[in-house]
Amino acid sequence: MRPSGRALNELRTITFERHFTKHAEGSVLVSFGDTRVLCTASVQEGVPPFMRGKGEGWVTAEYGMLPRATNTRNMREAAKGKQSGRTVEIGRLIGRALRNAIDMKALGENTITLDCDVLQADGGTRTAAITGACVALVDALRHLQRNKIITTDPLKHMVAAVSVGLYQGQPVLDLDYAEDANADTDMNVIMTSTGGFVEVQGTAEGEPMTPEQLNSLLSLAAEGIRTLLDQQTQVLRDA
Amino acid sequence: MRPSGRALNELRTITFERHFTKHAEGSVLVSFGDTRVLCTASVQEGVPPFMRGKGEGWVTAEYGMLPRATNTRNMREAAKGKQSGRTVEIGRLIGRALRNAIDMKALGENTITLDCDVLQADGGTRTAAITGACVALVDALRHLQRNKIITTDPLKHMVAAVSVGLYQGQPVLDLDYAEDANADTDMNVIMTSTGGFVEVQGTAEGEPMTPEQLNSLLSLAAEGIRTLLDQQTQVLRDA
Amino acid sequence: MRPSGRALNELRTITFERHFTKHAEGSVLVSFGDTRVLCTASVQEGVPPFMRGKGEGWVTAEYGMLPRATNTRNMREAAKGKQSGRTVEIGRLIGRALRNAIDMKALGENTITLDCDVLQADGGTRTAAITGACVALVDALRHLQRNKIITTDPLKHMVAAVSVGLYQGQPVLDLDYAEDANADTDMNVIMTSTGGFVEVQGTAEGEPMTPEQLNSLLSLAAEGIRTLLDQQTQVLRDA
Amino acid sequence: MRPSGRALNELRTITFERHFTKHAEGSVLVSFGDTRVLCTASVQEGVPPFMRGKGEGWVTAEYGMLPRATNTRNMREAAKGKQSGRTVEIGRLIGRALRNAIDMKALGENTITLDCDVLQADGGTRTAAITGACVALVDALRHLQRNKIITTDPLKHMVAAVSVGLYQGQPVLDLDYAEDANADTDMNVIMTSTGGFVEVQGTAEGEPMTPEQLNSLLSLAAEGIRTLLDQQTQVLRDA
Amino acid sequence: MRPSGRALNELRTITFERHFTKHAEGSVLVSFGDTRVLCTASVQEGVPPFMRGKGEGWVTAEYGMLPRATNTRNMREAAKGKQSGRTVEIGRLIGRALRNAIDMKALGENTITLDCDVLQADGGTRTAAITGACVALVDALRHLQRNKIITTDPLKHMVAAVSVGLYQGQPVLDLDYAEDANADTDMNVIMTSTGGFVEVQGTAEGEPMTPEQLNSLLSLAAEGIRTLLDQQTQVLRDA
Amino acid sequence: MRPSGRALNELRTITFERHFTKHAEGSVLVSFGDTRVLCTASVQEGVPPFMRGKGEGWVTAEYGMLPRATNTRNMREAAKGKQSGRTVEIGRLIGRALRNAIDMKALGENTITLDCDVLQADGGTRTAAITGACVALVDALRHLQRNKIITTDPLKHMVAAVSVGLYQGQPVLDLDYAEDANADTDMNVIMTSTGGFVEVQGTAEGEPMTPEQLNSLLSLAAEGIRTLLDQQTQVLRDA
């Protein structure tokens, strides 16, 4: 029934390519099927003004999309001189999600910036970005520990994210663009490796959701995220 | 236990002052306790370029906050030359919520813009804005019908919104600023008068939510929204 | 002869609602007939860089108009990313007028920002803003004295403002929108409670003014401002 | 008593250099002493959208100052990406003043843009700009007539402007920078060759003005402007 | 002598990965050693306003760099709201170079936009971008021919580019970052497959160049570009 | 053959008017025929943040064009809120050229900003700007020495610039607008009084250049620049 022929609770092929670029302390090309996002984690000494003097660190994120990552070319935001509301909103979402994973005291007065740039889009770019950025973040934390800049591991738990939605009346996992464009309801769910919800954002574009639908979507997301968390663990096993 | 002494499932005093200003087709000053938002609905003939020629209408929203609506003065966004990410995000949220209430075919090629400007902030400005804007929207629709610009009522259902959160481990309804600033989890829920969820946005700032907590927050929100929908109906009874 | 039926030298109904919002040190909703402007005075410790180290204070102002304060909706300046020339010009005018009222030495190194936001416009928004902002300013000065931040009263004199113009060849006081849109000449006059002129801005849109017309407009303004100064005094009598 | 040794009612040396640049339909370098402003009048077929279809023309103006026109270098507004409030305000003032001189019906659907760029500043740049721009405007009107684009002369009357102020308690004419920086009151007056006032803008920076002071300043300005109008006439005598 | 151990006239390893992303009509990941640039060619029907009605096409380019493409993170230009002078300058250079390769009549009223986004920078990003963009451009032209949108091949000749410079007094080919940062003179040369120069941009940062040095740099560039043109031909052999 | 009747290797009439404005430490109105550029050199104590603490100075430049410097009016960049790519590019070019002339150690921690504003354009504005700015720079250096702010002369050599191009197949020197608009190839060359090349920027708009054409253009430029350097020396002879 799904355009891709996937089962209702089936993720797309997920891959993580660590060390995709050489300069960043963490650099991961994450793919959720044809959605490919380059996630880099950049470490910088010091914290922004509003955080200074607390002995705590900071984690922030920015999101972008190459002009031709999508089917038709979008005007370049740098050329327009303005990020769209959608872009800013997703950057803020990624930042909140990743901050949830970190013990800021253990990070010390260091800032980690996660840049998530979509090279190719096919639905679910924000959930791919969060899932990939968490791997890049771990690489950056290892860099800090290897270089004795910090002495304890600031990672409290991993976070991963997936989208779920109602497509032709059925709850489906990890929507691609063909599904996303036609779904009645789209929900992005972010969870931790400890099984808790960090963020739930569900929107009914058409028919409002019943409480039952909302619950079945949340369960489906939880199941998908467990798989994603496993794959993150796998790919981080290699030094 | 709550700073305001309210019961866990108790809303603040809710008031709607219709026709607060004279020029707009709908104009409502909504108060959720000390949070006061002026919501105007402006009707304009025609629709934005991307909607032209479909015989359908459009509903959009913008959000703003007066510089001294809060405890310390915020720089004026018009003077900075840029809306904050938060401002844009809330405007988009209000727009999505209100579009859900409208049958765009019945609206015809007309645009309704909802401006929600916070005169005084004490937590929950976005949920007050949505709840008040829906009343202003109905007044604007009545104006269109009264002036024979449209012949059928485009309203599919009312929408209302409330925030819920975990404060000192307890689920509480309609958080004021004192609670909001200290809550572990904050969730904004938008529902229709037909009992469906239009939008659910929950964020765990601290501890991730368990599925049980998530469920109890959703139930608490649903209960509060039923009351808000009743009050909207009351206030709209007067011509 | 006037659209409103007022006498040539008759002001509209003037009201001041002090403490209209709760956060600002001064907060006044001023009405000149249907023109309603929310004026808040915000106190901040310290002064801008160009004033530092002189032991003197600073008073500044910003002006804004809600998108639907007028008959047709104006695009939100924060969304456009730019304040109009008119907006900036009026903000500068209000700031100059109120600075004239204050002994900066007595204010010490504190800044008071006056935000004048038009909720509903019907002509004369800038003169209403100045007249209301002066009341809000006094409330802010009382706050500073009550809290022992300053020891002497920095107020040198009150200021108030009114518009006058030539409407159908006749000098009229306090023009509303229906008059303003059709007046040949429009003049805004700001005076002190000591009877001096702080600012005179007259523009002939059509026929240039004769010296006699200019003089009769100035007299008419002086008369109206005396009444406004009386009303400010009245409303400030309550603690 | 004046830093320049001038009499109280003495203008600086005024010169107009017509055809200063070759491309513009009118191009005048005006000097009020050391204040030098290049005023160009550019003719363009058609009018802005809000004027279309009325068979009338439009006159508008922009003001600028080269970064090192003043004693210390100012940041270039094009590089800052924003015109200052002062810049926009002066451009609007020049535009209003020159529109007053023109019969828009006679101009037909043509736009004349006056660009006033200060090459060297020494006080009174806006009054020099208006006085010079009026000469450039006449040259542009002659161009339109010579090329048979219009058949009647749209000029209703000349306009000229001067500043007056209270310097050390005395009314003085045409303030230079040394006086302007120390004057209590500064007033810019724009008049027509028919003896009417187009615009009066007076500001008391220090002591408020008495009605008598205001009157003596207006008289002094009227006297100076008569001389300026004579000089404009002189310089326009040459073809 | 070179940090990389290369011979003076030795290029870095050059690779082209065609069809790197799936949406664009042409999409090439070009590598000049560690410099990696994603070049996409996007076809759009129609031309910009200034080209309309001539029956000719248009080719334009934009350049960008991911925030962490370099050794230290650069602020995202979209977030700053402004492209740097360098970014705009390189985009204009790429556009001019590629327009030189195209017969605009044969292209018809179609626009091709080349987006060159640097994923990883190690010197020579603009020359890599031009060389890769030309391959992407050919793929886009093939797409247009395959889809019968155009009937003749608009490609007049291939273009390729390389940097040369004086490093420790010696002319070297294809500078990497370590050389670029220390070179006295840096020159970017763009040539056609017909052996002509399209653009020559040489800058002496330190000592000015002698005419002899200039000549030897031009010869060295010509030699390197011949190799690049061969490699472009190779990689385009595959359908 | 040239529209102006000049010989192929003939410069336009070149003039320098030193001390054109009074505030700047250096102020030169340079004319290359009808192209007239006002170049001011402004001295400021201190250097930008990235240069601090090295005991070295800084030289930078900005370029602008008055709206009606050209045949048709261009929109004012300050009003658009954005400098064009061309404007920024030329400012950067002027800055690089002039920095090449200066021993930054001898300048000490002082900044010299060169503002080049085109009053009238007729081709070759950037080369006129560089040639004139170098004269203004020398005047600013003399000011610094006269005022004992620096003790040695930081000038290493003069720089001057000229454009050359292929017009109707012939190499021509110092193109005016009529030639520039029709030239196949346009090259800007900057050289020092010591005979070295500082910058070479050649672009083939139409046919690519052969190596022979490139060489003959470079020789022609070198010949023209020698004359310009002589004229700079002449004009600087006067105190």
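Letters A, B, C, D, E and F name the chains as they come in the text, with residue numbers starting at 1 for each one.
Operating definition for what follows: a contact is a pair of C-beta atoms (placed from the backbone, for glycine too) under 8 Å apart; a residue touches a chain by one contact, two chains touch by 3 or more.
Keep in mind that this is a model prediction, so the values were computed, not measured.
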By label order, what chains touch chain A and chain C together? B
What is the shortest path, in steps, from chain B to chain F when you may only step between chains that touch? 3
Classification of the chain D:chain F interface as same or different, half of numbers criterion: same
Of the pairs A-B, D-F or A-E, which has an interface that repeats that of E-F (more than half of the contact pairs shared)? A-B
Farthest chain (mean CA position) relative to chain B: F
Distance in whole angstrom between the CA centres of chain C and chain E is 59
I'd like the Å distance between the centres of chain B and chain C, where a centre is the mean of that chain's Cα atoms. 33
Quick one: report the Å distance separating chain D from chain E, using the average Cα coordinate of each chain. 51
Between chain C and chain D, tell me the centre distance in angstrom, where each centre is the average of that chain's C-alpha atoms. 28
Flagged in chain D as touching 2+ other chains are 81-82
Each chain touches its two neighbours in the ring; listed from chain D on toward chain F, they are D, F, E, A, B, C
Contact set on chain D toward chain C in their complex: 85-86, 88-89, 91-92, 96, 100, 187, 191-192, 194-205, 207-211, 214-215, 218, 222
In the complex, the residues of chain D that touch chain F are 21-24, 27, 34, 36, 38, 40, 42, 44, 62, 64, 66-71, 73, 76-79, 81-83, 87, 113, 115, 117, 119-121
